[in-house]
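Structures follow.
Same chain, two partners: chain A is paired with chain B first, then with chain C.
Let's turn to the complex of A and B:
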């Protein structure tokens, strides 16, 4: 992706005011982060007093680790330049027009991708790269898990390390799936799609991205000091007693939660206040609804998770007793706080991915979106109900048994708005003139995978069935069918669909098809195998298993390797297409949304004259493409 | 807090200002969720009183743990309330283009926020907290530190607000002062919610 810019004068570049801004980039951030962490670590070692004899669960090492991680975070954010704007505001020296242009990446070429750049298109590309890197790390961990499970007696990984790998894989993939649509496409595509020149708060936009980069270090650091041995849920008081690596999880979540809050406020404000003239809510593309629903759900949900981790850190480091029952705390408190975020988070992941496919379905069927209003009602219904289902994760915990039935009902009710989204997609496909591209095939893949994920979810929402199935591989297979089978499928389709607009090149169609079939076939093999061993009783998060589960696990591991191969093909196709792909025309899919009306490469401010919208984006007839 | 976007195109300050205010309110939605969760934690653990360890009773070896007075928390809330009133007068002055009153109101608000945080920190460090004092003390610390974080942000924002008023940067429009007022309102409410919770031991 490039932008068309006029070069500023040399004197503007050499203005002394901009000297600091010009010097800061990812390398200064890394350097300052590392230096801060090392300095604080040394100081803490030197000056923090030893633990008292009464210290049971908390200790000096936790304090030192947490302080060092906080120092890393502050150092990194200072080093990338995130604090310049606020401090300049306090000093009354607002950024000049030239400085704002510099922040937007004007004339910086490829360097702007390594800076605190505010242009939403740059942030979108940065999000895409970060998402791919996170998926790569999570994928490697997944393959370690599956390879180890290829042998019934456990394999070559130490059980403690296996637990750490499972926990890290879980949280890394959850974060990757949360940002996989709203990050790259919500930032790059969404503002253009609504006819805006940028996001409402460009610097907050950059902040949300760099917070995620800053959060990556603690979780990798944590892997080196014991890892996350608790699974991604990090239940307390187990987490209070876990190795030092748990502090990495705590810091990771705290920083990521801030990023989510900032992004949520920014995206929501952008959509509410910056839509093009004439873009009424009835004319706003369905993808926008999906993105807004996702971030609006996350906005109140992630602070609760944030709090749960702050209390976890306090229990570990200073001996408070939020979760320690011996001293008046409660493990159920953690479970409630965690799942108050944890279940809406599933829809934070799913809704934008499904909405992206609903955006693509009319394009590739040349049909209008079937019942736009039903789609909006479905998204709103899922969003509303998702806040009322959290305790279905706690049926067997013993917390408030009388509430189990109400929570079972709310959980099963959520299948109604979900069904509406299915209906919209099927209605759009009905008698459509299909243009069978990989994104189009992904609509079918989503319908299949989401149906399996959804139906198995209904079983898990049922209290008697859950009594048997909870904590088993069946649960693992279920949520992979929803988050990966539906969510990731939608995100990959979005990548192929919007790739021409984001990079100016066409995504290699042949390789995208090869990858699609390898991943989808591998996925069915892997997770149907996992359903079977789960139904037979194999527990999740356990390194070894009985001989009777051997065949199912071999099948699952084989399927996982096929997924891995397909993903590597996709990665190759991404890099190859980006570097050498066929040049894309302005609107290769003949789509009717606004992002396809701007030229490639997209100008810095997207539109010279802001567009006026007079119809909705789905006015497709049956004309020949 | 800056209202500038990267646009070449000049936007109406009222459009930018109201957009910025909406953004701040949405960020406050997250902070409100956080603060309400803190209250939930307080009342949940108080209600559960797990192992009778909300406020442990006296044993043969240890004395009973007694609750702290909530008056300190109410004093912090009162300081925040006066600060809000002072900032409110600054906002009215900004609307009326009376810069000297704007500067004075902003300065008083800044001083009160510094006083409030100093008092809050003094309250925290005067508590001889040790492990095993029960979950009440844990919750007390959580609410007190939440107040400190809010007050620290208030000091930062109020400092900028006063400085910008001093530099006469609010001559064109008063949106920044109005947005800072939104924060002050929430600061006062959140402090009051904390004090309210601590009144129930």
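Let's turn to the complex of A and C:
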């Protein structure tokens, strides 16, 4: 596990005292995490008192599970070396320049990817790998769901397991989509794009990444002990009577929320403080706005989510009654807390993906970005309004029916800034010189999918229509159109677009096209089918359904298989291109943003001399205005 | 198409070839989008069994037709761009001759139209809400208490008869108000073909109202994940004539008296 690092160059000038902490990596983290969890589990089993007679649910097991998970979390973070910096600071021996360089991964080769490395480029790659792994897990779960639903004769998965799969698929995919743009590209590309040498807080950057890795374990652990059988929303009181796996959800959300808050503070600070000389807000690329809007939205949203889960954990494990109406609590409290996070969160996902495509559209049409100001207003408008719409998820909950109309107003107002983003994209395409590439095609795919996702969102925002559609498959199809059809499409395009800079190799164009068409066609089949069964009255999250829905579900499952095939092609293309793709030149797309001005491979601190910016990145064609 | 960028007066914008082409595509696709999207959705929703459902279907129609020109315009502009000369290969095409960075006119028009559409959607929605919620305070309505519990619905006919049943019988054309609650977790009471839905919350009573206007058998489903057998928490609502309803109530009362 922990072999001695063979590092002749660095060990020459490293103090012997450092030797132990230098050896920390993902393997020591896993080892320490597992050991701590086992030790605490054993101790808790030994010493925690038995439940009293009145205890309705298995409180003791909940306590034991939660404590073990916390122990795993702390053990893992210590084992990865997250505490080295603070520890040294407390001891009055802050890290020297050489040591900081070592933690940035200087001369460590491949090993730096398995360590608590502070270099933003390493963190970006780690985020990319983590995102792909999470998507893979979520995708497998999605295929299990669709396979089960594709069989009208009845599912072959037990309802308990099915519910666990649905809930886990939901939360896993939400997390994957939250980090899919701001993680890999926000960390790797963004600092170079603004002309910085690293993030404002490199150690926090590594922290945000490893927190997600630490958070993944409780989810998988949870699957083994009953899973998340409550859907990703984990409404109470259903969540307080759910099996032990629910604790995995609680721990996962708490750790992930910390990660998101840390990343949000870091990215926001970096963009505000570290833009290159001359990069005024008017010259800052639109992708940067997208990333900042996304993490800035997450900053107020995730603490609420965190608290909602702390209260959920207390209801389960200690027998409080925050959400228990019989004892003075309210399920509506949970719904409010959840959606205070939940609605901004969908824009956390969507905005950076759309902004990434806005960054690509000028490059592939050789046209300036149309109406930069409108794009900024649109992003800001969506961000601002998104904090005021949460209760449209609760129209039918019975909570404060009089508030439904104000929430309908704010929700429908969002169509205005969203429309602005459409105008910016379509205006950029207009009279452009179309350079036919897969990212370019993704812009069109986004326009198509986001149009369907957006218009169906307007039906859902309308209270009487929602009285019919709420809780049906229609909703599921709607948010897949926005988060997957628009969001994931943008993220995959961003991967192909920035791949040459991140890996020094070109992403296989042919395979990316094959995957693009398979995924997009499969997507339309799957989710238009899902819209129709929703309209016909099929509730969401069901394990079986009435006979009338047979055809629609089989069509959806067929489409889902096509998506899966396309995604596997993409995964193969990713690995294949990374291993032995064609070497990329410094600026294969002839783009004008700063990240394309650094050499391949990118030097440790990106720029020898920090750049000075005199114009924005969209100076294509002769200016007329 | 070539633009005379230095000319004092360029061709008026609506006479340009690509604008004309876009307009043509727009005029053709908008009704197609409107018709197909409306018909496919409305047909999937099936025949309404109440005024509320009929007006919901109508709303879907109105919204779809209102959205069709916008979708059509984005489609038409995309199609025009796609039909223009494309460039392949590893080197980028030459840059656009003129880089249009902005068009205040287009921006203003776009924002104004989307604001109007938004206002329209809001007004239409508010009118419908007003109409639906008026039925909640109908004094002539019969009242039924609906209780959700993992994983069955039960109905208490509070209007004097005191009957309790796990199948819902409703007289046709009579307003009914449902008082909905739950004994365990959150459920959602959904009469599909009548277009009404309200969550059943433990510890609270929520209300919804409808006037069934068609005799037949319709679906009640739970629309909020409520645990193991959520998918099977469904039964039928029988809408019958007043005479049949009275007979059913009488039979139920006798049955309950017999078992009591």
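To be clear about the criterion, the second predicted complex is superposed on the first by the 604 of 625 C-alpha atoms of A that agree within 3 Å, B and C clash if a C-alpha of one lies under 4 Å from a C-alpha of the other, contacts with A are read in each partner's own complex, and residues count from 1 in each chain.
Keep in mind that, in the parts below, contacts are C-beta pairs under 8 Å (C-beta built on N, C-alpha and C of every residue); 3 or more make two chains touch, one makes a residue touch a chain.
Quantities reported herein were computed from a predicted structural model and do not represent experimental measurements.
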When chain B and chain C are modelled together on chain A, clash or fit: fit
Chain B versus chain C as contact partner of A:325, first or second or both or neither: both
Touching partner for A:396 - first (chain B), second (chain C), both, neither: second
First (chain B), second (chain C), both or neither touched by A:299: first
First, second, both or neither for A:203, with chain B first and chain C second: first
Touching partner for A:79 - first (chain B), second (chain C), both, neither: neither
Which of chain B and chain C A:261 touches, first, second, both or neither: first
Chain B versus chain C as contact partner of A:226, first or second or both or neither: neither
Residues of chain A touched, compared between chain B and chain C (which is higher): C
Touched partner set for A:101, first chain B, second chain C, both or neither: first
Closest Cα approach, chain C to chain B, once both complexes are overlaid on chain A (Å): 8
Overlap of chain C and chain B interfaces on chain A (superposed complexes): 325-326, 330
Partner chain B, residues of chain A touching it in the complex: 54-56, 58, 85-86, 88-92, 94-95, 97, 100-101, 103-104, 118-119, 197-198, 200-204, 261-262, 264-266, 268-269, 272-274, 299-304, 306-307, 310-311, 314, 319-322, 325-330, 333, 336-337, 340, 604-605
Residue ranges of chain A in contact with chain C within the complex: 159-160, 163, 229-231, 233, 235, 237-238, 241-242, 325-326, 330-332, 363, 365-374, 396-398, 401, 404-405, 408-409, 412-413, 415-416, 419-420, 422-423, 426-427, 429-436, 444, 447-448, 451, 455, 458-459, 461-465, 467-468, 470-472, 531-533, 535-537, 539-546, 588-590, 618-625
Complex interface listing, chain C residues touching chain A: 5, 18, 40-41, 44-46, 52-53, 55-56, 59-60, 63-64, 67, 70-71, 74, 77-78, 80-82, 84-88, 90-103, 106-107, 110-111, 114-115, 117-118, 121-122, 124-126, 128-129, 132-133, 180, 184-186, 188, 190, 192-193, 195-199, 201-204, 206-208, 219, 221-232, 234
Of all residues in chain B, those that touch chain A in their complex: 1-2, 4-9, 15, 18-20, 22-24, 26-27, 29-34, 37-38, 41, 44-45, 48-51, 53-54, 56, 130-139, 141-142, 156, 159-160, 163-164, 166-167, 169
